[in-house]
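Provided herewith is a single structure, encoded as structure tokens, for subsequent inquiry.
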Amino acid sequence: MDPINVFEYEALAKQLMDPVYWDYYAGGSDDEVTLQVNRTDFNRIRLRPRMLVDVSHCDTRTTVLGQLIEMPIMVAPTALHGLGHTEGEYATAQGAGAAGTLMTASTESTRTLEEIAQAASGPLWFQLYIFHSLKLAAELVRRAEAAGYQAIVVTVDLPILGNRERSKRHTISIPLSALKEMVTGVEEEELRREPMTWETIDWLRSITHLPILLKGILTAEDAVLALEHGVDGIIVSNHGGRQLDGAVSSIEALPEIVEAVGGRCEVYMDGGIRRGTDVLKALALGARAVLVGRPILWGLAVDGSKGVQQVLKILQTELERAMKLAGCPTVASINRALVKWT
Amino acid sequence: MDPINVFEYEALAKQLMDPVYWDYYAGGSDDEVTLQVNRTDFNRIRLRPRMLVDVSHCDTRTTVLGQLIEMPIMVAPTALHGLGHTEGEYATAQGAGAAGTLMTASTESTRTLEEIAQAASGPLWFQLYIFHSLKLAAELVRRAEAAGYQAIVVTVDLPILGNRERSKRHTISIPLSALKEMVTGVEEEELRREPMTWETIDWLRSITHLPILLKGILTAEDAVLALEHGVDGIIVSNHGGRQLDGAVSSIEALPEIVEAVGGRCEVYMDGGIRRGTDVLKALALGARAVLVGRPILWGLAVDGSKGVQQVLKILQTELERAMKLAGCPTVASINRALVKWT
Amino acid sequence: MDPINVFEYEALAKQLMDPVYWDYYAGGSDDEVTLQVNRTDFNRIRLRPRMLVDVSHCDTRTTVLGQLIEMPIMVAPTALHGLGHTEGEYATAQGAGAAGTLMTASTESTRTLEEIAQAASGPLWFQLYIFHSLKLAAELVRRAEAAGYQAIVVTVDLPILGNRERSKRHTISIPLSALKEMVTGVEEEELRREPMTWETIDWLRSITHLPILLKGILTAEDAVLALEHGVDGIIVSNHGGRQLDGAVSSIEALPEIVEAVGGRCEVYMDGGIRRGTDVLKALALGARAVLVGRPILWGLAVDGSKGVQQVLKILQTELERAMKLAGCPTVASINRALVKWT
Amino acid sequence: MDPINVFEYEALAKQLMDPVYWDYYAGGSDDEVTLQVNRTDFNRIRLRPRMLVDVSHCDTRTTVLGQLIEMPIMVAPTALHGLGHTEGEYATAQGAGAAGTLMTASTESTRTLEEIAQAASGPLWFQLYIFHSLKLAAELVRRAEAAGYQAIVVTVDLPILGNRERSKRHTISIPLSALKEMVTGVEEEELRREPMTWETIDWLRSITHLPILLKGILTAEDAVLALEHGVDGIIVSNHGGRQLDGAVSSIEALPEIVEAVGGRCEVYMDGGIRRGTDVLKALALGARAVLVGRPILWGLAVDGSKGVQQVLKILQTELERAMKLAGCPTVASINRALVKWT
């Protein structure tokens, strides 16, 4: 029997995968408190569905930065898809495209950004880590532009790596060699780690005309700064509970950021999305769309591109059902009154 | 030993029933969060009993839409009683009548509404699904009128079916063939699914003089709309946690609806009623009466009409005891000060 | 090794006692929700201890209705001590007296009130149930006066018995024959059950000069009525969770009653007291003293009068230690600022 | 594999140690409620990290009473290090010094304060119990001054010992003989227990020029009194849940004390610190630094001075990582906006 929800994909993927790789995908930092609350905080939110609305034509489509997608659910950037499936990011890109949505390719992919773009049938964003010199970052941006990526997603919550204890407990470590070296022809001395600040965002703004999104914002204060520095979108995220443990859940952080932004740019969120109703709650709290991390990897590990497509399809079907049951025929009709905190 | 509370009926019914049928009766949608909070939210409410009131004559009787019933506890409409007992809705109707209360017959019964009316010894309401053409709905209403049903309960929370995963996991599915086709002589092309909206309620209002109740309202906003569309009663319900998972519990939704209605129509609730004290809490929060779904089915499965009667009798006895212990000799004396939220 | 706290007495008593008797002592009504919250609500209260107070002379003594007792901890009225120990209420009275505190003798004792008075070495209150005719009640009051009881504690929360399901599940029932018939020489027709109301309290007030206490008040409203009817004290109680299940815990009810009373009569509480710190919390919230039910029965079952004395001694020692650690050298110095709710 | 966090040190220490000694180290008083909430209350606080701050140079150093330490984490005074390791306080002092931080030596050490001072490579505070005569206390203070201790930490929450039931349940008791008699040459009659009050603090103030800190303050009221009596610092503490059970957690008490103090003296806290993020939360709520009790003893038991150093190193590394991930390059940059209560 095919999996009927993403939790069944999770169980299957766990069975299939090498425990070391599994723990890399599944784990959070320290005591995994934030990883947990990313899920449990959704249960603190209750839906207030409306009845007797004509939902016979229910439309899950939306746009993100003007790009039409079939559902307000996108693929979050995650590293090392090669650990889950031999086809790696190829499969993910194909699955996402087949499902009619956008994929964000990670800097830490096991395929080059050009290879991913070639394999992809849907729109792409490029997730950028600025670890080394700005010259390297500029090179990646230029390549992303050339390959047709539609936006640069700068991940800002990883000045250093979080404390992932599951991995520390394994004697075997993740084969980072699998990482496709995205950057070549750079002088050795340029490989020093570059501190990333708001000035780095200004610099990035100056070198590309692509929209810039910041991924990893968790406070209203930083959202306001982001606007001042001219970003085009904000992804509310705690990196799936893998960076600062004890940080607020994404869904708890979302409202204050939406309020601070006041419609001046698009706000997305990721972290803990596992059901169509989770998407509905996030949208009701002001997210334009959500991104999904681990469930995509579960689909990938279980069934390659077909698994990715199927996971997205399940979430879309669940969202559509939830929208109908909540009296929301369109994404635009989802609003704040749909939810209450308990 | 006879069951001493409805939970013991639940355990017995589970033992006796085919697991596929059991899961159909017991299950909720998705992760069954709403199914759960329908129960647990009662524990967030504490009773503030009053002492030294003369409760030697304690009267659980009340009226619903003018109809006297022995207790403010009615039978909720539930589908397919034939799965629980060979006599199906006959037994339920007889049990409800013997207990002195009202039964709501489901559109999805395994007996026709006329057969149920004939078997019944107590008052009846007819629960109407408007799935197909309005012509079909009109026909059902006419038949319900003719058969002596006292009100039409329009279920508004099922524009599509909720995601009942327990049933999806079974390889055998529910024999919907057991459904007594309530509608005959309808042209094929009329069987298209009709979107139900507030206009449908207006139309229904125009074709029957029977009182109209909406079942499945969960917000003050919709309660106000219901009044504007001339309904005679509202049943606060989330369909026993079987439709939108994550929806507010019925008992949590009740107060805002009671407040919005302000006495302009009767308000009932169902969802999670298992003890006399649950009834007391719902009445204190403004419900005129409650409806009970699954416990009736447990009684039915264990002991046919006698089981149904006994489940209702237990709840009445518990309610009467609770009223006495709380200092409420009559249903009318139960008021808001009797409860506090923790 | 001797038990070091009352929980160890509980475990021992459970081992020693017939399960039917044990369940009679231990059980609550329905789902035992109130029984549970009587305990767990103490954990919602946190202590704010004060330092650098001279507690070298710490005095746990207090007065109740002018009577000096060694600790603000008294014996609650509980039925049928004969089930726990062959000496029954004799042992309890001796234990309480040896510990220097007051015992409330139940109407439902296995010894007559005169026998208990004779055995007792400490002060006594008489707990009165008014079940039958007023004539019978008057007779009991007269006998209590004659035997030297210092107050009448009228239990007002038992217009009928709560639903004790543990007992219903046993095939053997409690030998009520063990009850010492406290009342004799009454005509048959007088044995009808008499509804107890505020007028009954007025009548009681008119026939005795003993102080009258109401046991079982849980609301500010009833506390105000009690004052209007001239009572001398209020015992905030839910009968140890044995009557209305879902009722507020005693400790949660206490503050609103203390506030409503405003010092016009003494307020006591019982329900869930198991540690010296529980006593401290109750006193900080305005109780003059607390009563203890089940722990006394555990002591009784384990070791007769010595067990009763030892349970009281443990609680006193714990209270004294808690007072010292909280910076309260006297009972009078315990105040509201000592606690906060979380 | 070396322990990767302090919980792994805990597990190892438990394995290695005699259960009687282990329980002495691990236990709290009564039902260990305060011991528990000291930990769980940290989970009620969520971090609001800031992004795009230059944290490439992250500095965990701070000063306490003007003394520079490598991290805002110090060694809390704990008794009887000889139970954990044969080298006892020598090892602890060496480990703390090697880690670059301050140790508070307990009055109840298994080495004399002079011996500890000699072994130590870092700054020291002396924790003073005033149990006996003031003359004895004066003698200890004079010796501490002479040995180079930089402050006197007066523990004010132990007018008597808390009720440590783990120890009561063991037949073998703690070898208090291991205590190095810190006091000699005192007349017998001076050994009476002296009640400690605010006047004792005034007296202490009058006999030493060393800074005086009060350890064990849990209320704003006492913090204000402390300031009035001229103290130089306050350690918010409930003695690791070993004294008054049911007392507020240290982290819950901290904010009201910080507010009452208003910067007029330094405020520290201890209780339940097990992760760098706990330190971050305490500092965000206004603590200048934290002290750590049990984890130090775990490190000591597992690996002597090296274990102590390693435990401190782990906490520092975790704090540094947390500071970077939260956007705080310095201790001074940590502020109230970094946390919210849920």
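Brief remarks on what is shown
A, B, C and D are the chain letters, set down in written order, and residue numbers restart from 1 in every chain.
Here is the rule we use: contacts are C-beta pairs under 8 Å (C-beta built on N, C-alpha and C of every residue); 3 or more make two chains touch, one makes a residue touch a chain.
Just so it is clear, the structure is predicted and the values come from calculations on it, not from any experiment.
Look at the contact of chain B with chain C and you find different residues on each copy: under half of the numbers used there are shared.
Inter-chain spacing, taken between the CA centroids of chain B and chain D, is 60 Å. Taking each chain's centre as the mean of its C-alpha atoms, chain C lies 42 Å from chain D. For chain D, the set of residues that touch two or more other chains is empty.
Under the touch rule stated earlier, the contacting chain pairs are A-B, A-D, B-C, C-D. Listing the residues of chain A that touch chain D in their complex gives 30-31, 33, 37, 156-157, 159-160, 162-163, 165, 168-169, 171, 193, 195-198, 200-201, 214, 216-219, 221-222, 225, 243-249, 252-253. Those residues of chain B whose C-beta lies close enough to touch chain C in the complex are 1, 4-5, 42-43, 45-56, 275, 277, 280-281, 318, 321-322, 324-326, 337, 340, 342.
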